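Structure in structure tokens, see below.
Read from first to last, the chains carry the letters A, B, C and D; within each, the first residue is number 1.
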Amino acid sequence: MSSSTSVGTDEHPAVVLTGITKRFPGVVANSDVHLTVRRGEVHALCGENGAGKSTLMKILYGMQPPDEGTIEVDGEQVRFRTPSDAIKAGIGMVHQHFMLADNLTVQENVVLGAEALHGIGKKARARIIELSGRTGLNVDPGVLVEQLGVADRQRVEILKVLYRGAKVIILDEPTAVLVPQEVDELFETVRGMQAQGYTFLFISHKLDEVRAIADSVTVIRRGTTVGSADPKTVSSRQLAEMMVGSELPSPETRESTVTDKVVLDVKGLRLLAPDGTRPILDDIDLVVRSGEVVGIAGVEGNGQTELVEAVMGMRKAGGGTITLLDKDLSKLGTLARREAGIGYVPEDRHRHGLLLTQPLWYNRILGYQTRKPTSKGVWLDIDGAKKDTERIVADFDVRTPGIDVPAAALSGGNQQKLVVGRELSGDPVLLIASHPTRGVDVGAQALIWDEIKRARAAGLAVLLISADLDELIGLSDTIKVMLRGRLVADADPSTVTPEDLGSAMTGAGSTSAAVHETATVEEGEN
Amino acid sequence: ACAKDTGGSGNNSNTGSGAACEYATPPTASATSSTSAANGDKVDASALKIGLAYDIGGRGDASFNDSAAAGLDKAIADMGVKKENTRELSAAPNEDESAKQTRLRQLAGEGFNPIIGVGFAYAESLKVVAPEFPDVKFALVDGTVEGATNVTPLLFAEHEGSFLAGVIAAYQSKKCHVGFVGGVEIPLIQKFEAGYAQGAKAAAPNIKVESKYITPAGDFSGFQDAPKGQEAAKGQIDAGADVIYQAAGASGKGVFSAAKQGNVLAIGVDADQYNQATVADTKDVIVSSMLKRVDVAVYDFVAAVAKNDLSSLPKVFDLKSDGVGYATSGGKIDAKLQEILEGYKAQIIEGKISVKDTP
Amino acid sequence: MISTLEEKPHVPAAPRKRRVPGWAVGMISVAGAVLLLSTTSYLTGFPQMTSSGTTQTAVRLALPILLAGLGGLWAERAGVVNIGLEGMMIMGTWGAAWAGYQWGPWAALVAAVVFGSLGGLLHAIATVTFGVNHIVSGVAINLLGAGLTKYLSTLLFQPLSNNPRQSPPVQPFDTFSAAGLSDWLRELENEQRVIISDVAGILGGLVTGVSPLTMIAILLLPLSYFLLWRTRFGLRLRSVGENPHAADSLGVKVYLHKYVAVIVSGGLAGLGGAALVLNPGQLSYLEGQTGGRGYIGLAAMIFGNWRPGGLLGGAALFGYADGLQLRSGGEVVLGLVYGVVILLGVIVVWQLYRRKWFSAAAAIVVAVLMYLLYITLDEIPGEFVSYAPHMVTLAVLAVASQRLRMPAADGVVYRRG
Amino acid sequence: MGHLRGKLLPPALAIVFSMLLCGVALVISGANPFSAFAAMVTHVGKGSTFVDIINSTGIYYIAALAVAIGFQMNLFNIGVEGQYRVAAVIAAVVGGSIALPTGIHTLVIIIVAALAGAAWAAIPAILKVTRGVNEVISTIMMNGLAIGLSAYLIRRDVFGELRGNNIRTPEIPESGWMPGISFGGGGTMFGFIFVAVALGVGYWVMMNRTRFGFELRASGESSTAASAGGVNAKKMVLFSMLISGAIAGLISLPELLGRDHTFSLNFTAGIGFSGIAIALLGRNHPGGIAFGALLWAFLDKSGLALDNVGVPREIVTIMQGSIVLSVVVAYEVVRRFELAAEQRRVGRELGTVGGAA
């Protein structure tokens, strides 16, 4: 049965949401949302950050009750009190942030909550293996989830949903963490399952993907549905303008500001895994010059995080030297490295960037506790910190009622602007930016890009790590590809395409002249 | 193949080798001289308001505090002290010095006189409080307060009583191997240990004496951990000891229980434990108890206050003044042994044997 | 709650290692420990180290610790830190005595569980429903448990026992021995043959003079393992301690499971209290009789890496060291130091094999120091002997330096939505 | 001011609630709760009780500060109990065996006590930093060993001397004492109370105004964010444990320098554990801790009056437990309420509807 024939008008739609409204303290997340999903289609949901997509899906999945509005599944009105109710009605959800217990096995994660189906033992295992065989979602049921990479984790999430017999599957931003090849694999799986009669609700910011996979698109803006479009005919730019009501910015920076002055010089950097045997970083050589943005491309888990943390001194390197403007940092701690002029935008702002319950000005001090204007000797300079926070709030357009509110009260994008603003204070010579716009909406994204470009023009050296290949290609002067702890290829951002980069990142070998290998990786390595 | 163990017969594996003791020639008994201040005319103490400040545990601890309480009860019964004219307060675990002082002040402030501090823990607080109330007659069981003339020390020669307990143990032991379990290793309890070991060796020079304290000084849980008392005693029994003397407060219960399970004998302490309700289930192993007559001391002190003659009180309640002694309830001490004991007792009273108070 | 120094690094998808199954690790460690003890016992000439008496003592002393630790395991596997075990244990002792003197030992067990569970219920209400910091709630429960039982004892026990701190006597359990086996093992033990006698002694201690409570406790351990790791209830309970949001999103009733876990935890701690009351040497409630065993139970559970087998190891280690020092004193405890030297020797060889030069050097230094201690002293001073279990625990933790891993959401207050 | 109300309301509610609870317990046991509470309150004015309460508050205050420093960075220092015991015995031994001019002698004792407390805390700290040993276990174990060490040091063949049936360290000569303020029959207030107050001020300044305090709080709030911000986690563990231990070392000094002048079997134990409860009650805040310590001391000392009216004194422990629990419940309820209000305020001031902030 092909998807186009299964979409019959005489049948009941798989899901109909009518007049859904949901209020949170101070925010109306959804207001009068209408959504109809036909059986067997892939229905995409688009909207900028905080538009209310996840909230709507959580309501459909029974995690949050709507304040107003009705839900119909297969033509029957339903009320979900808990996710179990939704599961019973055949709805499953893969969350934006993975909902997995690291210390449990794949099998345990999959059967959790659905033990009544096949128990928790051999039968369940057989069923999982059968399911993964049928859908191509291959993972070993016995392995601990903490040992899995992102793509595998996502497979587990989808398996979880299938295992419960869901017919309608919600995928909330499933591609945000995947490289193009993995996205293709995922889409293949989705198409295959669509052919078997599954219905998908698909959320993504990446409009090309939406156009590639969806049968229909609904756009949400500021909590309400603003219209729908046919993905076959609409362009990405048109879609984006529906979402935000303005032009889509781009990260393009073509005029080169690269100088000869070497700012960061990493030589032979090594790092062993804590269990002592496997190298996570293997003989990394890297140079970043003043006015240059060096981008690192790589599938998550290939050592980018470790590279950044080793340069920051948060991990103790097993060998090699790190030099900043002729100063040897190799033996210094994180604070000394920051004082030497490194700014650091961490990939996870909640874990590494902010003290969430503390006021904004208190967060301004973090990382600058030894420097002006936030401290004088062993004493803190609270007035100085407050004044400088006001400056960041103004310069970086941080939307906040004041600098005394806790950082947690800000939305993700505004939190990120605060962090970027802080890390560009104190005249750094090097900025290490890990996924600087992850989970940030287009407006904030543009602002952050602009600030990085401005600082670069003023001579800042930037080491950029990003999973967003458009961002990487757009911002970088040089791109290096990281694979299994090694820098394996260089790419020229002016000519390389995301697809080429993707192949290099997965080790499929470069097919493009824009990517040339600098090292080979033995496939058989453990 | 699982059988119910019947009362201790199953696993009394006394692995230690041991032969019967060779006893030293016991001294022959001379006439005992026993005087208690109370053995006099009827005293009328009905005018007294008596205050007692107990140590941790208070009345009902089946031990030392209870013994003091018994003295008070006897005073009420014999000397016409009115029940409503008495007040008993007790200390809490881990309390600080000022709580003890407050307690004494409360009693003194409300007109109680005499006031008896039960336990050496009151020494420091009496040193402070007694001078504040020069007209009040204080007494301190187990301790002295230097410089305070209105505090009467009620001291005991526990080591002398324990000497006799050691003699009893030596004569009751079949393997010439005895043990001592102390609650907390403080000087007071070491007096028991010292006297006991000396007594046992005096009676049987070849005897082996095991000794174990449940906790060191400062950790007073050793007085209330019967399971550990039991294990300590079991260790000694398994090592071959067959008479165990305990000075371990509420932990002593565990020692008796171990003795019963191991089919050996035990010696109680402070009161005549053979007749104590809390250890009634193991009374058949209690061959004797070392008596520390805190009740006598309290009673005598009240009487002396009523007669306004504190000088009649002995400096130390020892064997001579019957302040310490041994119990014969249960009938395990036959006439012959009693004769031997009286012989040793006389020698101690006469000063021919001097008993050490440190191990 | 407990700060972790090193963030667990995100290790990229590692090739899966064939792991040795848990039961095998357990068997190997037990065998290793027995071998070490009998070697030490042989070399130092102290048969007490492996005598059946010592083993029995160890079992009796470990029992309340084991039960308290098991209580801790249940709560923490569901993500609730339970420092209130001591208070729940105290409530258990009171309940056991109160029911025990009236209706016998079985009623005592039931009442101990009920009273302990009440403490658990209170902890659950505070931490789960009100989202109170788990440590605060635990500390408060310790205070409440002590105060409440003292108060109730004054009201109910004093009229009967004339003592506000003690209950009337409680009926004991009968004890059981595996008749033939027990005797045969004792004969073997008495032959004083290397290893065989030691093993016989240890085994003999385990099958002689066992009370039903011991059997229940020993059974509760595999039962807990089975329930927590082999049933759907256990899977849900553990998932709540690892990632309550994930569990919630799959329809697991997070609050319910936390409640059940914490109440069971209290019940087990209460049972630990009953083990003290029903100990043949005690047979009554006595104020202060728990003596910090709840805290030790918690420590044993952490020592055991939040797993039943490890907990058993921790409790056994503590009970063994305590038993040895109570029964045999400073001389024999000094013998344990010799055992530590041997253990360190093994570790040195292992570290050299793994080319960890620094660890090996450190182990050598410690081993030499320990050996000097061993040959210069005749016995460990009595003041320290009482704390032999504490020293052994510290030494083992410092040497083993194992990577303890607590449940990921342990101590984290969970809010729905 | 609503802010202040949010801070004061919960403890007030909690105290009322605990009084009600204990009142019910008293009624059930046939006692009159009103006369019991009245006896406790009137007792404050009697004899030296008021001064005793102040003295005890000071001691609890120091203990709670010591615990709070660990809590600030999620270190659970159960070992305060052992640290102050070791510090007390060592300070007493040193103080009793040296001869120095007045003032300097006292100072030396204080320094020795702080160093001894820090040294005892250093063991679990080092074990944690180098071997990853959980500080909960190690400090529990160290508490046991502390008793062993103190018992060993006061052995007659070591430093102890026999005094009647008691055993104690040599008395500290008068040059090493710290004079108090005498109120005649009202008792003597320890001079060390002023040190306690100074410690509280110092604690506040350190936490709120210094780089070290910032790093401590940052580590407590998020160890990951702190380490990315250049805070050396191991160093912080070590330092906070050492400072916590040093302050713990001072706990026994009010009594040692102001009253006892010796370490004996009458040593006041258990203050470290009370300190945990008080630090939690005061939410690690120097003002809150002062309030908690005062409340604790009041319940302790006035509880003695219950003996006079025939009410079991244990009701006080119940009250302490229920206050701790109900205070935190009340704080939690109020906190949630305020968080929602805060979110509403943020939402209102931004004037957003859809929330695309």
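Note that in this section a contact is a pair of C-beta atoms (placed from the backbone, for glycine too) under 8 Å apart; a residue touches a chain by one contact, two chains touch by 3 or more.
The chain lineup, named per UniProt: A = Simple sugar transport system ATP-binding protein; C, D = Simple sugar transport system permease protein.
Just so we're clear, the structure is a prediction, and the values are computed from it rather than from any experiment.
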item: Taking each chain's C-alpha mean as its centre, the one farthest from subunit D; value: A
item: Where subunit A and subunit C are represented by their mean Cα positions, the distance between them in whole Å; value: 44
item: Centroid spacing, where centroids are CA-atom means, of subunit B and subunit C in whole angstrom; value: 36
item: Mean-CA-position distance for subunit B and subunit A (Å); value: 76
item: Interface hub residues of subunit C, defined as touching at least two other chains; value: 164, 292, 383, 386
item: Residues of subunit D touching at least two other chains; value: 147-148, 151-152, 224, 227
item: Listing of all chain pairs that touch each other, if any do; value: A-C, A-D, B-C, B-D, C-D
item: Residues of subunit D touching subunit B in the complex; value: 46-49, 52, 55-56, 85, 147-148, 150-152, 154, 156, 162-167, 185, 187, 255, 259-260, 264-270, 300-301, 304, 307-308, 313
item: Parts of subunit A lying in touch with subunit C, wherever the complex brings them together; value: 61, 63-64, 82-84, 87, 93, 95, 99-104, 108-109, 111-116, 119-120, 140, 143, 146-149, 152, 160, 273-276, 278, 280, 301-303, 305-306, 315, 484, 526
item: Residue numbers on subunit A that touch subunit D, as the complex places them; value: 24-29, 31, 48-52, 221-224, 312, 314, 333-339, 344, 346, 351-358, 365-367, 369-370, 375, 378-380, 382, 399-401, 405-406, 409-411, 413-414, 441
item: Subunit A-facing residues of subunit C, complex; value: 9-16, 230-232, 235-236, 238-239, 242-243, 245-252, 354, 405, 407-408, 417
item: In the complex, subunit C residues that touch subunit D; value: 1-7, 122, 126, 130-133, 135-137, 139-148, 150-151, 154-155, 164, 292, 295-296, 298-299, 302-303, 381, 383-384, 386-387, 389-391, 393-394, 397-398, 401, 403-404
